[in-house]
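Presented sequentially are two complexes of chain A, the first with chain B as partner and the second with chain C.
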Partner chain A sequence: MKFKYKLIKALHICGIGVFEPVVHLVTGEEPAKQIPRIGKFIVVPIVGVVAFMFAWHFAAAGLKTSYGDFPGPSQVWAAVGDLREEARVDAEKRVAFAEKKAKNLEKMQAAADKAAAAGDDEKAERWMSKAESEAGRRYSGSPTYWDQIITSLKTVFTGFLLASAIAIPLGVICGLSPIFNGMLLPYIQVFKPVSPLAWLPIVFILVNTAYATMEPAPLADKTDETAVAAYEEALEFKSGFEGWIPPAFVSSAITVALCSLWPTLTNTALGVASIEKDHINVARVLKLGTFERIFKIIIPSSLPLMFAGLRISLGVGWMVLVAADMLSQNPGLGKFVWDMFQNGSSQTMSMIMVAVFTIGFIGLLLDRIMIVLQKLVSFDTAVAA
Partner chain B sequence: MSFIELKNVRKGYGEGSLRTEVLDDINLSIEEGEFVAVVGFSGSGKTTLISLVAGLLEADAGEVLYKGAPVPGPGPERGIVFQNYSLLPWLTVTGNVELAVKQVFPEKSAAERREHAVRYIDMVNLKRALWKRPHELSGGMRQRVSVARTLSMQPEVLLLDEPFGALDALTRATLQDELMKIWEQDRRTVLMITNDVDEALLLSDRIIPLTPGPKATLGPEFKVDLDRPRDRTEMNHDPEFTRLRNEITHYLTEVNAESKLAAMKTARRLPDIKPIDLLAPTSKA
Partner chain C sequence: MNITLKNILAPWAATFAVCLTTFVVGCGGPAPATTETEEPAGSSAEAEAVASWLDEGETELLDVEKTDLVFGFIKLTDCAPIVIAKEKGFFDDEGLSVTVEAQANWKVLLDRVISGELDGAHMLSGQPIAATIGFGTEAHIITPYSLDYNGNGITVDPEVWRKMQANDPKLDTPTPPHPITADALKPVVEEYKQAEGKAFPMGMVFPVSTHNYEIRYWLAAAGINPGFYTDTDKAGFTDADVQLSVTPPPQMPATLEQGTIKGYCVGEPWNQNAVVRDIGVSVCTNYEIWKNNPEKVFGITKKWADEHPQTLLAVVKALIKAGKWLDEKNPDGSFKNREEAVKYLAMPNYVGADEEVIANSMTGTFLFQKSDRQPMPDFNVFYAYNASYPFYSDCVWFLTQMRRWGQIGETKSAEWYDEIAKKVYKPELYKEAANLLVAEGFISADEIPDTDGYKPPTTDFIDGNKYDGRDPIGYINSFEIGNKD
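Right after this comes the complex of A and B.
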């Protein structure tokens, strides 16, 4: 029985409290009451979804566009199947590539060993350097849909963390100091409504400039061996770094951060500024120092509002990401949509619809996660047990 | 030299025409080890008075002295129990008390702090709720935590701001008895604010009424010479108790009536005008 109430509590924390009547029904508690509740909160939404599918199906059937027929639910589902098939084929290719690479390496190693044993050092070295370049070879197939989803998630979280790292401290300072708040308020109000599309080109230019500084100065004297070696090393470092953190990824993440820091900033400032006077009085009577006052009284008391802000920020970030990916060509879901639009195949619209649903579901999931976190830090609800 | 002394203290809020003088010409001195109760109607400035002593507010005029020196601001040596408990909702009962212990006894180790906190929580009979958060507690339990927090700081003076005002009569009686028992142990100096004459009689050595505001001031004091330890049921039959109770209540009702009368006297007088014609104007006229 105790488990049942824990389960119900967990459902509510996860924001799927609508399943509570199901739990009651399974345990046989007042079935007469549970069935109407299930009907209202579970069956009705399902009926709605099914009805929408039918409406979509029939509406799509008669709609002809320059890209072919508008896809109905079945075509979109077929596109999902195609994407999965693509991913499967790609995974096979990857495995084949890795196997082949391992085999090549083995061969080269063997050849090098043989040459070394024969006393031909020059040949052995040549084989070794060949092996080295083979080891550095990476699979160069285009990213699959899953890769693109992961790239998108990485980008959005990088941007979100960047935004939080800026917005939370700034918000705390704004909340604490009306002067600082007054100074920052005009900027907040002007920049808050700015679309990512406006920011992105500037960010893009700045990021590319930063990457360009990594480019070594052109060589004047190509006979100087140490200089040539240094030049090549620098070039290698640059391309390695670009491979590790591509500039498009950085531009996208920064754009996401710029757009998503405002809700956190304003909410944190509000949370800090609206701290209860009684709590401040407690701090005063206890003679808490500034540091302790901030970390033991002010921040804990503003956590619920701060997390409400973070939740909105992540939502905004996810929305902005698609546009940012499209423009900066960061290989995420936005680029997927853009590429599909550009290639103009008969599947263009189905694929885009798949992306739309994917974006929607991931957005929903992110929001739910944030709700859970928000509930865990809220002290006014009986969550923390 | 008195332990706590207020000399000609005045305090008001607001600016210009919106200004209200809350307290005026407050003179009060409390000796060490004394239990003093200030009784008054709600809105008469009782909380303002205790905040002045706690150092949470500054007097506009006059002096608030603590051990002969002006009050430098709030501090743990003048422990205040707030009217609305003021517990930190994100901390457990132990956490709330420990925060205070840590601040006042920084030299204690973590284990000693825990032990110290638990001792005081036990003193208010809350050992079963050590790990609960304030929202899981009833009003009476919350006030107990608040009292435990303040007592754990081992203050030189205990300031009680209507500590049991928000509680039901039964819980209030229990907490009064507990407070009385705790106080009997070391007889610290206490200044209590209350609107309950019985509570004041049960606990204090001296009762001072506060006249209704604005410009509230302290009335004549009443010495409570009832034997300690006091028992609420026995006290009801004590003729001295009955006499004091009647006197104080009588005084309070009287000043209240006076202040209402005064308020009526200063009410705006309407001009003495009469309509010349009571008929509705016609369109022809």
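Right after this comes the complex of A and C.
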């Protein structure tokens, strides 16, 4: 029995409380009451989904576009199969590449040994240096659909963390100081509704400028060996850094951050400003210092609202990401959609539909995760929608 | 409507499929390779090629400065040499790992090459030239390799085509005689100007693209003014009968369909795409405007070339092999490898259009309209007629057109044209790479042209005008419509 209530609580925390009647039913508790509840909250949505699928199927069959027929559920399913096939072929290529590389390395090593045995050290060294560059060579396939999903997730979380790092401290200050809040408010009001499409070109230019400043100044004197070495090292660092964190990724992530920091900022400010007077009074009585007051009283009691803001922020960030990826050519889901559109083939629409569903489901998943976190920090048991 | 079990189950399957996509694709992705009979594209053949030269130990891999490269391209069939060099393993043979990445448009592509995010790219011939002389974004871009000849077409709205047919009874058949000049279009343009009070809208892909110069050439040859660029008018609309606006190639058919433009000049597969979808009629190819005209080039920054000389040599070697592979012919004169090439190009991460659409032009025919398929074996030339060699005279032709239409604002001396050509086009790099390939036995010495970089004068134009790259000023002055020096 105890386990049963734990399970029900866990279901609620995970945002799948609709399964509660099932638990009751399985344990034989008031079956007459549970069945209508199951019907209402589980069967009805499933019937709805199936009905929609049929409606989609028949509506799509009659819709002809110049790109071909509008894809129905079965065409979209076929596109999923194609994407899986693509991933399989890519995995095979990856293995073939590794095998070939190992074989090449072996041969290069053999050639180096042969040259060394013949006393041609210079040739042996040349072979060794080639073997070294072969060893460092990476597989260079096009990103698979899975890779693109991963890139999108990485980008959105980078942007989201960046936004939170800015929005939470600012929000706390705004909540504590009505004067500061009054100064910042006009900016918040003006920037909140700005679309990512407006920010992106500016971010793009700034990020590219930042990367360009990493470029070492051209050498005037190429005879100075230490200077040449330093120059080459700087160049190598720049290209290594670009490979590690590509500018397109940074542009996308910053755009996501710019669009998603507002809900966190306003909610945090509200949460801090609406702390119960009693709590503040307790802090006074205890003579807590400023930092202790912020970390022990203010932040904990504003957490529920702060997390509500973070949840909206992540949702906004995920929505903005697709547009940002499209424009900055960051190889995520947005670029996938754009590339498929550019292909203009008979598969274009079904591939885009796959992306639409993927984006939707991941968005849903992210939202559920945030609900769980939000509930974990909330003292009250209010159910988030 | 026949309802089968499959039809009923499919929607269900799709629901769960999409739920599971992420997981399934994930699991299916990095899974170890199974022993399927299907070969991953071009792995065994290329492995053998590497094996043979490594075993002989006579030729050595170049000592490349950088092994992992990223090249950009726009979704057009003429990026083929880059795609083939990758898919057939020619880059691998040189010890290079190349990622080939589609770009949104020509501006983004150029910016990313300049910023160093891309090591090199499939570029419009005009792009390195314009960047080097500072029209648009300024940067010193060079080209050691010309990707192809020809490959563009002009397509008009079916409504416009019907009006052209009404103006010229010769065109009013399912298979009109080619080449079709813009003479029949002239009354349509004038009528539109009178009725709407503005210039006739058409599309091209970029201000310094070959398409811009070709459609201008075609229009001007029939006495239609396509507009001039001036110091204050950077869009090129001054005095225009036809207003040419910029649209990225893959969006051309959609823009035509929406009626924003009445016709356009673009590379393949975007003419064939419109024809197949019944939203356009192709009237003229650029092969007819100028036989074997230079089209795309492989562009890199001068700085990148200076920092990676051996890598560049290796890249050019791989591209030459790819170009040769693309143009190889069977004894009966048909292309040996084009069908395989079409398969690679149709992959969604490359051009991605439907195979039959790409095949229309790549395999030696061109579909002007559904009733009119013409043989055009030289529509896409990658290697024959020295198409991959960067001729100075090709560069000078683009410069003359930039001057003709006002993108170059002032009079320049004939020496200046030669000087710029030598600054941008680098046949010496091509020769160096080609000589290595001769030594390795991949090509024969007579495949490298013996030239000072200027082709002999030619009159292979739609209007029969004579072009001599050594006399740019005389050529500029020979046009009726255009700036004069």
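Criterion: the second predicted complex is superposed on the first by the 359 of 385 C-alpha atoms of A that agree within 3 Å, B and C clash if a C-alpha of one lies under 4 Å from a C-alpha of the other, contacts with A are read in each partner's own complex, and residues count from 1 in each chain.
Rule of thumb we're sticking to: a contact is a pair of C-beta atoms (placed from the backbone, for glycine too) under 8 Å apart; a residue touches a chain by one contact, two chains touch by 3 or more.
Note that the coordinates shown come from a computational prediction; the quantities given were computed from them, not determined experimentally.
Enquirer: Both complexes share chain A, so when I overlay them there, do chain B and chain C fit or clash?
Expert: fit
Enquirer: Could you tell me the angle at the CA centre of chain A between the CA centres of chain B and chain C, given to the nearest 10 degrees?
Expert: 150
Enquirer: In the overlaid three-chain picture, which partner chain does A:Thr226 touch, first (chain B) or second (chain C), both, or neither?
Expert: neither
Enquirer: Just to be sure I read the superposition right, which of the two partners does A:Ala87 touch: chain B = first, chain C = second, or both, or neither?
Expert: second
Enquirer: After superposition on the shared chain, which partner residues are touched by A:Ala96: those of chain B (first), chain C (second), both, or neither?
Expert: After superposing on A, A:Ala96 lies in contact with chain C but is clear of chain B.
Enquirer: One more residue to check, A:Thr213. First (chain B), second (chain C), both or neither?
Expert: A:Thr213 contacts neither chain B nor chain C.
Enquirer: Looking at chain A, does chain B or chain C touch a larger number of its residues?
Expert: Of the two chains, more chain A residues are contacted by C.
Enquirer: So in the superposed three-chain picture, is A:Lys130 touching just chain B, just chain C, both, or none of them (first/second/both/neither)?
Expert: second
Enquirer: In the superposed arrangement, does A:Pro246 touch chain B (first), chain C (second), both or neither?
Expert: In the superposition, A:Pro246 contacts chain C only.
Enquirer: When the two complexes are placed on top of each other via chain A, what is the minimal CA separation of chain B and chain C in Å?
Expert: So the smallest C-alpha to C-alpha spacing between these two chains is 37 Å.
Enquirer: Flag every residue of chain A that touches chain C in the complex, lowest number first.
Expert: 49-50, 53-54, 56-58, 61, 66-67, 72-74, 76-77, 80, 83-84, 86-97, 100, 103-104, 107-108, 111, 114, 126-127, 129-130, 133-134, 136-142, 144-147, 149, 208, 211-212, 215, 235, 238-239, 242-243, 246-248, 326-327, 329, 331, 338-347, 351, 354, 357-358, 361-362
Enquirer: Any idea which chain C residues touch chain A in the complex?
Expert: 1, 6-7, 10-15, 17-19, 21-22, 24-26, 28-33, 36, 40-41, 43, 46-47, 50-51, 54-55, 57, 60-61, 63-64, 66-69, 75, 86, 92, 95-104, 108, 111-112, 115-117, 248, 250-251, 253-254, 257, 270, 273, 277-279, 307, 346, 348-349, 351-354, 357
Enquirer: Provide the residue numbers of chain A that touch chain B in the complex, in ascending order.
Expert: 278-279, 281-282, 284-288, 292, 296-297, 300-301, 303, 379-382, 384
Enquirer: Using the touch definition up top, name the residues of chain B that touch chain A in the complex.
Expert: Going by the criterion above, the answer is residues 54, 56, 73-76, 78-80, 82, 84, 86, 88-91, 99-100, 103-104, 133, 135-136, 153.
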